[in-house]
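In the two complexes below, chain A is the common chain; its partner is chain B in one and chain C in the other.
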Partner chain A sequence: MEEIICPHCGKPNSPSNKFCDYCLGQLKQSDEQISEAEHSEIGIGRDDLSEQTPEEYGPDWLKNLQEEHSVKGEEPIDLGDGLSTPSEMISDWMSGDEEESLTTEAGESPPGEGSQVQPFLPHDGFPEDDGLPDWLDDALLDRSEQDGFEADSRVDPAIEGSEQDALQKDPDATKPSQGKLGELESAGPLAGLKGALSPEPGITRPRKPAAYTTKLRVTATQRAHVDLLASIVEDEGHTKPLPERKAISQRHVLRWVITIILLIAISWPIVTSSQQMPFPAYEEVSAEVSRLVSQLNGNSPVLFVFDYEPGLTAEFDAATTPVMDHVISRGALLTLVSISPSGPILAERFMGLMQASHEYKSGEQYVNLGYIPGGAAGLVSFFDNPQNTLPYTLDGVPAWETSTNKGLPPLTGINEITDYEMVVLLVDDPDTARTWIEQLSPRINEPDVLTSFVLITSAQLEPIVLPYYDSSPPQVNGLVAGLRGGAVYAQINGNGDIARKYWDAFGMGTFTAALLILVGGLGYYVIPELMRSPQVQRKGK
Partner chain B sequence: MNLFDWIGASLGFILTLLVFSYLIGDNPLFRFAIHLFIGVSAGFAAIIAVYNILLPRLVAPYFSSNRTEQLLALVPIILGALMLTKISPRFAFIGTLPMSYLVGVSAAAAIGGAVLGTLIPQVNASINIFDARSAQVFDASIGLRLVNGVIILIGTIATLAYFHFGKTRSGIQKTQFQAWLEGIGQVGQIFIAITFGFLFAGIFNAALTALIGRVTFVVEFVKSVLQFF
Partner chain C sequence: MRNPVYTAIAIAVGLVVLAGYFLEFELLVNLRIVLLEWATILVAVALLVGVINLFTVHWRKMSTEPQNRTNSAVLIISMMLTLGLVGWFGPTAPISLWIFNHIQVPIESSLFAILSVVLIMAGVRLLRRKPNLLSIVFIGTAVVILLMSGPLFGIDLPALADLRTWIGEVPAVAGARGILLGVTLGIVAAGLRILMGADRPYGGS
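So, the complex of A and B:
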């Protein structure tokens, strides 16, 4: 009995076997499979050809023609076996010579299907390109693309002819990956197995991915904007070296020159103890304070509020000293408070300063109640109930009169803010000043209240608080602003040693500063104009 | 001048020179002086908080025999303890109660003060300038007061007009009203410039007085040292 050698593993098998007993590889390939493989080479299956009617398979013009005939009631064009159509409308190769059934490239006609095969396909493969009509060419091309093949996979007729000869000799040659039969797989999930089928060429040759351009389709303006944005983003990633700073630049020199001039101007009167400049003229706003202080009786309770920063001590010393001196000379009893943490120590320092001319003792003529916490809410609490808000002095001594405590003299009879005859606020901050004015002025502007409210402020605050004084009715009864205000007050009441000591230096400094601003302004605008070349000036004209 | 005064004056003199060293630019000596001032200020504020607030209000009531004071002192202690829970994100919600109480009271005080202490009185004051009945003395100062009132009125309206940032419906063509508004706004710009000039002059005067105070201190210290030798 003749054995069949397995083309995959090379081992002998029984002739009745279709598959190898050893490697399960296919031993024979049926004719049908061969024919199928041949058709797949050109991208069209035999079944497809046999199942399609001529109406479906033919060109559009042929379909249209057939439809026209059917609409007009004429005899339809028979594109099948009984092909009947005007000869002038159908090519010669579609005529009766082609009525034979379609044969496969292998030269064998499938049994029983010959009559259904399209009559216009040639017997021996496809004719030369010249003989194939365009519509068929396109149809074949489309179908091959639909099946996943590239258009380039169409076989060249010359090559195809030789392959057909080979197929006729050996039908098994149509099997895919025939050359690798029996080889041992070296990689992948099938590694170690013999005769594994390799993928078919149609699958392993995927269509090339469509090539899409990566370039932006934009206008020139958009391109310019894109470039600009890209340059900005790119620049962000780069660190730019800082320009080298000169050790001594023009700005430094200018700063030193101004400082030296100003220092000389203010130092000269201080060194020589010059007191020649006259005090400023009378000002109503400061004189009003003097009038109110003059109305104080002996033992009148006066509240002093110290709410300025230590850096402005010199200015407040000059402005407050004449006022405080005047108040103390009237024999008033003082209460000192603050809503800034540094206020209590500034108050103590200032009272120490006044001890040189007055013997005012803590706890007897004045009392320092310290810091009022809570901002505006704390102020409201202090105005309504000072005993509970600040029960102790800065030294920790109980300040108010109780059943067990006698209380300090300056606080005798004080139950609310309107029990004070005068409230003097020393302030340099606009917000603090506004808080005090807003909380206090509505209480003291009542008809039956006699409390007066005066401010001693830094010069920088004068423009902000002046409207409260100028308003009608006034929310603030008097104002002493800065060194100038202190000098005015000292001129009215005397005792302005500090203001007198500073006044000449202040006058010289102000005059020098005004001169520097004038010269600097002229230099800024005039010098560049003079530095311009005559040509540029002429062009400008 | 005793020994402590000498030490204090010497420290003040050295620190003044350290601050003046800023003339040659930012340097370690200047920074040392600034950090010292900040540290001293913070330390003093802490001392004030302890001796002026915490001890007298939270601790002292429990040394008194008054039962009511002791009970009332529990309220700030409890609220303060609840406020401390803000440190932990997990229990921070507990601190919302004292925080909301603080914010509510502060806002009420601030808003009420702003309305009753600034807004209404200042509006009344601007109106009363033109009220002849409010003038206590009828003399030549009435005319001056009227002129003053007109200037204030023009300044107020012009400044408000300057801060008008309206836009035409079309965005291109100005209406006649807007042209007027821009013209008035330019007048307001003059008022604003004068105000800024006034503010600058005040700030300069304050700074100049502070400088004079320091220079006076330095000169007097040097004079006293020279007298010593």
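So, the complex of A and C:
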């Protein structure tokens, strides 16, 4: 709430007071009293003012400026209290009669007619007019001592310290300061007028930018947060020791129990030489392979592809042996290839196993061409031009017939993949199987091609390749999957010694594994649940 | 594009090989065959480079890292021994087959044997760790397939046998078909991107 300063004692009073609470002096005057007091102070009566319009008692250039603003539709310059400037107080140089004295020697037009206001320095042209009030005179003299002259006569709060000091030293200087804040011109031809010129930023003196502290001000809460973050980051750098593991944990016990049970179950049929378990029932997908092999004639070229991991040798031995037995019994000539680096040696090993029952010789009844590099690109290259893709056998012997070489019997008449009567792919990897099927199936499904394509896979791959067999037209003509497929094939053809040897152990192993998962899983879940105390169970709920 | 020459060569070769499948022009077919033979030779060389790199890496480890010295030394000695014996006697010699039959095959077979124990253990613990419907379905499927894959002591359980057949021919094949379709579409998209130069696995980007 604003307070009224007593003009007599200078103490603050409530705005509702008419008299000072301290000195009982009159605080407020009526409008008439105020008006008369002001007019008497500047030496002009109300009657004089009422008779004169602002256009009449101002200088000509000021009148022109006023008219110009009116014509342009702009807001007229508020002369304010300046209009109350008494004509006696305006010196001759400021009056319209002395207009010529303001014109420079170069003939520049006077201020207010579009020309720039010239700096006005008191010591070179300020008239020695006794009519100026003392406070204005002093202030001008003080300012003339400074290093420059401000065209903008308004007092700025950021005024330089020396200037402020000069004003503060002289108590009277506060009056003109207030006048300047009220846009009272303090120097030049407009001295004593309020609001005669609007401030122009272009002519103001540049000031130093305000200085800001570079210190970070941090509150106590922020400091606490910073400390917390620092402690968290510091903790991240320290490794916390893991809790010590038990030498023999429940998991170790479970693992060993499972291993021992499985070993006993699998070993039992081997130790007892038990071969009592019946072979699986007839399966069409394996029987189809048997039918295709039966259609092979003597010396029919058959391509065997060995693309499985050595770790699955036992399963593939059991699945492949009945098929290979059947193929060899038909008198087919074999070509062995692979697109995996370990395939050629796997093929050589398998043919070594077959030597026990069949006298197939390398280079005569079969030929091992080795590894086809390049994945799918290598396969396509082999399909189109096997002579250039794999020109030598695994032993380094030239395999194909040329002008200087007779060529090996299994490769006689082979110019492309469709010259084989059958392609048998032994595979355990879904990607490899897909690559072979995608590249080979379009070629063997041509109407004039008689090549058949069968797969021997591990049991895990059966669901992946079954869609190729079920498609129409089939992309795969037959499938023998795992030991079970080999056993089915052996049962059909009656030549399943290896499958018979593995079958009982396999049956015991799968049964034990299923039993362990079923019983062990239920026991592992149910027993701890039953052992939990009722209190813990209630907590869990 | 760092080197547009690589991209141009790759796209041109891809288009020629692809066109060789559909257009029966002798020039295109012969060009396709030659390019594929080059690719085969390059991949074989890459395999050789891989072997040399493996040797170099482990030689460096053996020289600079004391904690890995033993493993790297075993690898390098095994590699050199196998390379020397097979290279000298040939890949089909008895000694080469002996190394394969008595070292590589047993080691890899042992890994599969360990895998069987680990999988059974995971099946036993599954209900304990995640006792929900999917876990029960998973365990039930595994048990049915395992039981009916073997002879089951000659016991005839037609319902379980039919269930095993149904699982193998319907849900498993359906899932496999979905996977194969997805893979095929992905391959087509990857091939098109390479042909258009959007993917540059040969280092042109």
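In the analysis below, the second predicted complex is superposed on the first by the 293 of 541 C-alpha atoms of A that agree within 3 Å, B and C clash if a C-alpha of one lies under 4 Å from a C-alpha of the other, contacts with A are read in each partner's own complex, and residues count from 1 in each chain.
Criterion: a residue touches a chain if its C-beta (ideal position, glycine included) is under 8 Å from a C-beta of that chain, and two chains touch if they have at least 3 such contacts.
Quick caveat: nothing in here was measured; it's all calculated off a predicted structure.
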> Where does A:Asp384 make contact in the superposed view: on chain B (first), on chain C (second), on both, or on neither?
Replying inline: second
>> According to the stated criteria, A:Gly509 is in contact with first (chain B), second (chain C), both, or neither; which is it?
In response: both
> With the two structures laid over each other on chain A, which partner does A:Leu394 touch: chain B (first), chain C (second), both, or neither?
Replying inline: both
>> Is A:Met277 touching anything from chain B or chain C once the two structures are fitted on A? First, second, both or neither.
In response: second
> Looking at the overlay, does A:Ser362 come into contact with chain B only (first), chain C only (second), both, or neither?
Replying inline: second
> Is A:Gly25 touching the first partner chain B, the second partner chain C, both, or neither of them?
Replying inline: neither
> Should A:Asp470 be classified as contacting the first partner (chain B), the second (chain C), both, or neither?
Replying inline: both
>> So in the superposed three-chain picture, is A:Pro344 touching just chain B, just chain C, both, or none of them (first/second/both/neither)?
In response: both
>> Which partner chains sit in contact with A:Gly311 here, chain B, chain C, both or neither? Use first/second/both/neither.
In response: both
>> Residues of chain A that sit at the chain B interface in one complex and at the chain C interface in the other, please.
In response: 255, 259, 262, 311-314, 341-342, 344-345, 373-375, 377, 380, 394, 396, 434, 459, 462-463, 467, 470, 484, 506, 509-510, 513
> Can you list the residues on chain A that touch chain B in the complex?
Replying inline: 252, 255-256, 259, 262-263, 266-267, 270-271, 311-315, 317-318, 341-342, 344-345, 370-371, 373-377, 379-380, 391-392, 394, 396, 428, 434-435, 437-442, 458-463, 467, 470-472, 475, 481-484, 501-502, 505-506, 509-510, 513
> Of all residues in chain B, which touch chain A in the complex?
Replying inline: 23-25, 41, 44-45, 48-49, 51-53, 55-57, 60, 105-106, 109-110, 113-114, 116-118, 121-122, 124-125, 128-129, 134, 195, 198-199, 201-206, 208-216, 219
> What part of chain A is in contact with chain C in the complex they form?
Replying inline: 251, 254-255, 258-259, 262, 276-280, 309-314, 341-342, 344-345, 348-349, 352, 362, 368, 372-375, 377-378, 380-381, 384-385, 388-389, 394-396, 434, 459, 462-464, 466-467, 470, 484, 503-504, 506-511, 513-514, 516-518, 520-522, 524-525, 528
>> Going by the contact rule set out above, which residues of chain C touch chain A in the complex?
In response: 32-33, 36-37, 39-44, 47, 90-92, 96-97, 100-101, 104-105, 107-109, 111-112, 116-117, 120-121, 123-128, 131, 139, 142-143, 146-147, 149-154, 168-169, 172-173, 175-177, 179-180, 183
